[in-house]
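In what follows, chain A forms one complex with chain B and a second complex with chain C.
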Partner chain A sequence: MSSFFSILYVVVFLPSVVILYNIFPKKYRPFVLLIGSYVFFFSISGKLLLYLLFSTLSVHHIGLWLTDLQAERNAKLKLVEKTEKKELKSLYQTKQRRVVLFGVLLHIGILLVVKYTPFFMENINSIFAAFDVPVTLNIPKILMPIGISFYTLQAVSYIFDVYREIISADRNMSRVALYMGFFPTIMEGPICRYGETAHALYAGERTNYNGLTMGIQRILYGMLKKIVVADRLNILIKNVFDSGNQYDGGIVAVAAICYTVQLYMEFSGTMDLVIGTAQIFNIRLPENFRQPFFSKSVSDFWARWHITLGTFFKDYIFYPLSMSKPLKKLTSKARKHIGNHLGPLVAGAVALFCVWLCNGLWHGAGWNYIFFGMYHFVLILSGNIVEPYAKKLLEKLHINREGIAYHTFSVVRTVILVVIGEMFFRANGLSAGLSMFKSLITNFSLASFKDETILKLGMDIEDFIIVGITLLIVLVISIFKEKDINVREGIAKRNVVLRWGIYYALIIFIIIFGAYGRGYVPVDPIYANF
Partner chain B sequence: MERLIEILEDIQPAADYETCETLIDDHILDSMAIIALVAELEDEFDITIPTVEIIPDNFNSAKAMYDMITRLQEED
Partner chain C sequence: MKVFKQILRCVAFLAGLMIILTALHPVLAPKNNTYEAGIEDESANGILSEKKNTIDVLVLGDSLSHTAISPMLLYKDYGITSYLCGSYGQFMYDTLRYLELAFENQSPKIVLLETDTLYRKFSVGDAIASGIQCEFPVFRYHDRWKDITFADFKGDIRYTSINNYKGYRGKDIVKGIPNEPYMIETTEVESVSIMNQIYMDEIAEFCEEKGVQLILVSTPSVLNCNYARHNGIQEIADKYGLEYIDMNLMTEEVPIDWTMDTRDKGDHLNHEGARKVTNYLGKFLVGKNILSDHRNDVAYSNWNKSLDIYMEKIEMVFDEKIPVALNQNK
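Presenting the complex of A and B:
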């Protein structure tokens, strides 16, 4: 199995797990999911499964360690005078913080070593070369287990949530193991919180008709996005990005737009498949997308795109940092000196910088990813700074912010900024990204459309038509969703002929127009590599 | 409660804090406003608001904030 979209997964693995899950009695069903998860992981990463097992064991142990400290503290609190309670609480908080620090460093440390060692060593070699130091470090090839970036964040959130007493540490090892390794979420998330998903994962509820049909329906929608659109766009994107400086700005713009579309279709399509799969097992997973291309600002976009990563950074980096004692003091002082608007932005900027540095690095070890993070940091911070001034200016100009014209302008502006960011994200290195951006600005031309060069890059006119029609379907569904109209439930309520007519049409559409077979190379899941 | 509403109006004037119950859900108070608000509430009411309390339920309305402040004062 190479991905959720391989024939082996869709036709053999998933149906087998669903059948076995329902054959076994309720109390054994979580183990069916757990064994299935490890089989899935092993089929992709082989013996690197040991990384996941180690993380599971350690996170389980650290959780218990914290809970035991909390129980010890609570027992002692009952025995001491009121005046001593504060000191006792402080003592145990320090002890717990040490455990949290150990746990977080352990898990993030493994991620850093596995994912970033070659990047750091390459940069050290570059520095040595720049200063004529005759030393070259050998860059080790470290194999990265699938999903390490995702399950590490889940481990960290588990440790923090136990520390904050949002959840109690789980003594049941297999429940923690299932939370860490549930096969649909292991490759690309969503990044789940223990308190929201672990008990549902372990409940072993039988598959019901509604969950099965709604799950399959959602899986099919995900396949439509991934196989028909994302995979079809791949050849053009690869051709242009592999030699970006050969093309004029018109082609670069098309490739950047196509990549943004591909990334959305691939990632949100995979999320549809993941959430649909969980639905079959009667498990509700958090949504990761909420019509991001209808966003009115970059900040709004990131509240709608990869939502579980955004909330992770907000809850475990942004607020803890901005609410730390030094930054709180800074906020109070800054508010007195530079006012209510700019004051909080000083501490906010520090926290926001850390969030976006982590966001960039989380996506990959490369300067283009760091640039991607900093690009969004600057856009979001400057958006926050100018907000009240922009509001006043628009009032003076009598422009209605809620009107359709300004709304459309805001959405288009956001999409353009996002596409530029994604271009750097996909570029083969930062200098390639800068070169493409230069071409976009200084060498923009429509000549490639007139002489049909655009049709010689891996997509002919039929390909563009198929992508266009599919995107139109996705757009219409997205508009309904934005208006809180549930299209899937609407279809499920229709009479049997219409309902199954739509399902069969969708299956046939995917089979006929899916980008697979001769002429197409199977496309690796993009986010699984982050 | 009156002092709390004064603080809120000082930080973000564009809301009816007497009635609004969706200050976070409707993005009336964004993360930067929350930073300012927490710093101000801690100074004014002599409390420490831990990160675990920074959840929408505690900041969606002035009443929810008031309840949180009272609870933290009692716990202290």
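Presenting the complex of A and C:
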């Protein structure tokens, strides 16, 4: 099994797990899911399953450690005088913080070693070379278990939530194990919170007809996005990005747009498959996308794109930093010197910088990813800074911010900024990204469209038409979703002829127009590599 | 009762889907066995254009087969009509598919299976995908939607692409290596994977049902053959009671000079190597005494036309050492 879209997964693995899940009595069903999850993990990462098992054991233990400290503290609080309570609380908070620090360092440490060692060592070698130090470090090849970036964040959120007493540590090891390793979420998320999903995962509710049909429907929608669009765009994107400086700005622009579309179709399509799969097991997972291309600003975009990662950074990095004593002090000082608007933004900028540095690094070990993070940091911060001035300017110019023209302008502006960011994200290194950006600005030309060079890069006119039609379908469904109209439920309520007709049409559309088989190279699960 | 109804609804939906997929096949299926018409492997599928029941020997396997055996030489020198349904990187599930395809219109007396394909690993997913494509060919030829015309809806299929080399894809390039022993005797056995054994079972069973003699053949290849593999194939041969010819051990009967007879440093044979293999194979097949000499048979006049083309475009060109690639088959 190489991905959720492999034949083995769709035709053998998933149906087998669904059947076994429903055959077994309720209390054994979570174990069917857990064993299925480990089989899935093992089929992709083999012995690296040990990493997941270790993380599960340690997070389970650290959770219990924290809970025991909390119980001990509570017991002692009942026995001490009021005056001593504060001191006792502080003592136990310090103890708990040490445990949290240990837990977080342990998990993030594993992630850092596995994912970033080659990157750090390459940079050390570059520094040595720059200063003529005759030392070259051997860069080790470290195999990375699938989904480590995702389950590590889940482990960290579990530790923090126990520490903050949002949840109690779970004494049931298998429930923690299922939370950490549930097979649909292991590769590309969504990054779940223990309090929201663990109990549903462990409930063992039987598959019902509605969940089955709605789940399959969602899986098919995901396949439409992934197989028809994302995989079809793959050859063109690879051709242009592999030698980006050979092409004029027109082709670079098309490739950058195609990559942004591909990333969205691949990731959101996978999320449809993941959430649909969970729905079959009667489990509700958090959504990861909310029509991101309807965003009016970059910060709005990131509130709609990879939502669970954004909320993770907000809850576990941005807010704790913003609320920390040093940054609170900084805010009050800055207020005095630069006023009530810019003052809080200074401390906010520090927290925001940390968030986007982590965001860039989380996506990959490379300078282009750090640049990607900083690019968004600058865009969001500058947006926050100019917001009141922009508001005043628009008022003076009598431009209605709620009007359709300004709305359209905002959406288009956001999309352009996002596309440029994604171009750096996909580029083969930072210098390649900068070179493509230079080409985009200084060498923009439509000549490649006139002489049809654009049709010689892996996609012919029919391919573009099919991608266009599919995007139109996705756009219409997205518009309905934006207006809170649930298309899927709407279809499910129709009579059987229309309903089945739509389902058959969707399946046949995917089978005929899917980019699979001879001549196609399916795109690897993009986010699974982060 | 409610659950029964729901199951019935699911079954009805799936049945409807299968009917649609089956109905789509005639529209999307290639209407000819040419690349232009969308066929997957024009050379191997050339057998579809052969006259009914004219092929006596069918050869299956990966590229080691279609670079080592020349059916037209077998015909020229021994009067044996054979066809090579070998294809690049052929997996055992492809081998089974070509075997079944060949028997739709032909009744070979002997099937030669080049054994390199038995060591080509594939996943369960690949096998399932192949099975689905066999049951519903629309999955194999779905991409033809780009070339579809109104004529495709009539569903008329005519296979007109005669392959004059009968599946042979030789080259006269010489990229030699020193003649060094590579079949070092050992008792080690490189076992054939379970997935390949499953397909071997099916192929053996199919041939037995058809009353056809299945023979395992290892053509010479320094890079792909060794004694442990020989032992592995011998085990398979013994298990099914099949004859096994390992030409890598027949240095006298098939005197391959690795400095001259390989086109890619011991991976595949070139045309000179193929001549030596074919010459031995011809004698071996004639020795079976079950094959007729068709050279003077009027019903096989087309073979003589193909032979003329083959001689003109391959043998004569290669003899004069004019380097040409033999991918064009007409």
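Some points to look at:
The criterion applied here is as follows: the second predicted complex is superposed on the first by the 530 of 530 C-alpha atoms of A that agree within 3 Å, B and C clash if a C-alpha of one lies under 4 Å from a C-alpha of the other, contacts with A are read in each partner's own complex, and residues count from 1 in each chain.
Assume a contact is a pair of C-beta atoms (placed from the backbone, for glycine too) under 8 Å apart; a residue touches a chain by one contact, two chains touch by 3 or more.
None of the values given here were measured: they were computed from a predicted structure.
In the overlay built on the shared chain, the residue A:Arg335 is in contact with chain B alone; chain C does not reach it.
By the document's definition of touching, of the two partners only chain C reaches A:Val12; chain B does not. Applying the stated contact rule after C-alpha superposition, one finds that A:Glu165 touches chain B and leaves chain C untouched. Touch criterion met: A:Asn384 reaches chain B, while chain C stays clear of it. Applying the stated contact rule after C-alpha superposition, one finds that A:Lys89 touches neither chain B nor chain C. In the superposition on chain A, contact of A:Tyr319 is made with chain B only, not with chain C. With both structures placed on the common chain, the touch criterion links A:Arg98 to neither chain B nor chain C.
Once the two complexes are laid over each other on the shared chain, residue contacts for A:Tyr504 go to chain C alone; chain B is not touched.
Judged by the document's definition of touching, no chain A residue lies at the interface with chain B and also at the interface with chain C. For chain C in complex with chain A, the touching residues are 6, 13, 16-17, 20-21, 24, 28, 40, 123-126, 128-129, 132, 138-140, 142-143, 145-146.
Interface residues of chain A facing chain B in the complex, by the touch rule stated above, are 164-166, 314-315, 318-320, 322-323, 327-328, 331-332, 335, 340, 343-345, 347-348, 351, 384. The residues of chain B lying in touch with chain A in their complex are 10-11, 30-36, 38-40, 42-43, 49-52, 54. Within the complex, the chain A residues that touch chain C are 1, 6-9, 11-12, 209, 460, 462, 500, 503-504, 507-508, 511-514, 516-519.
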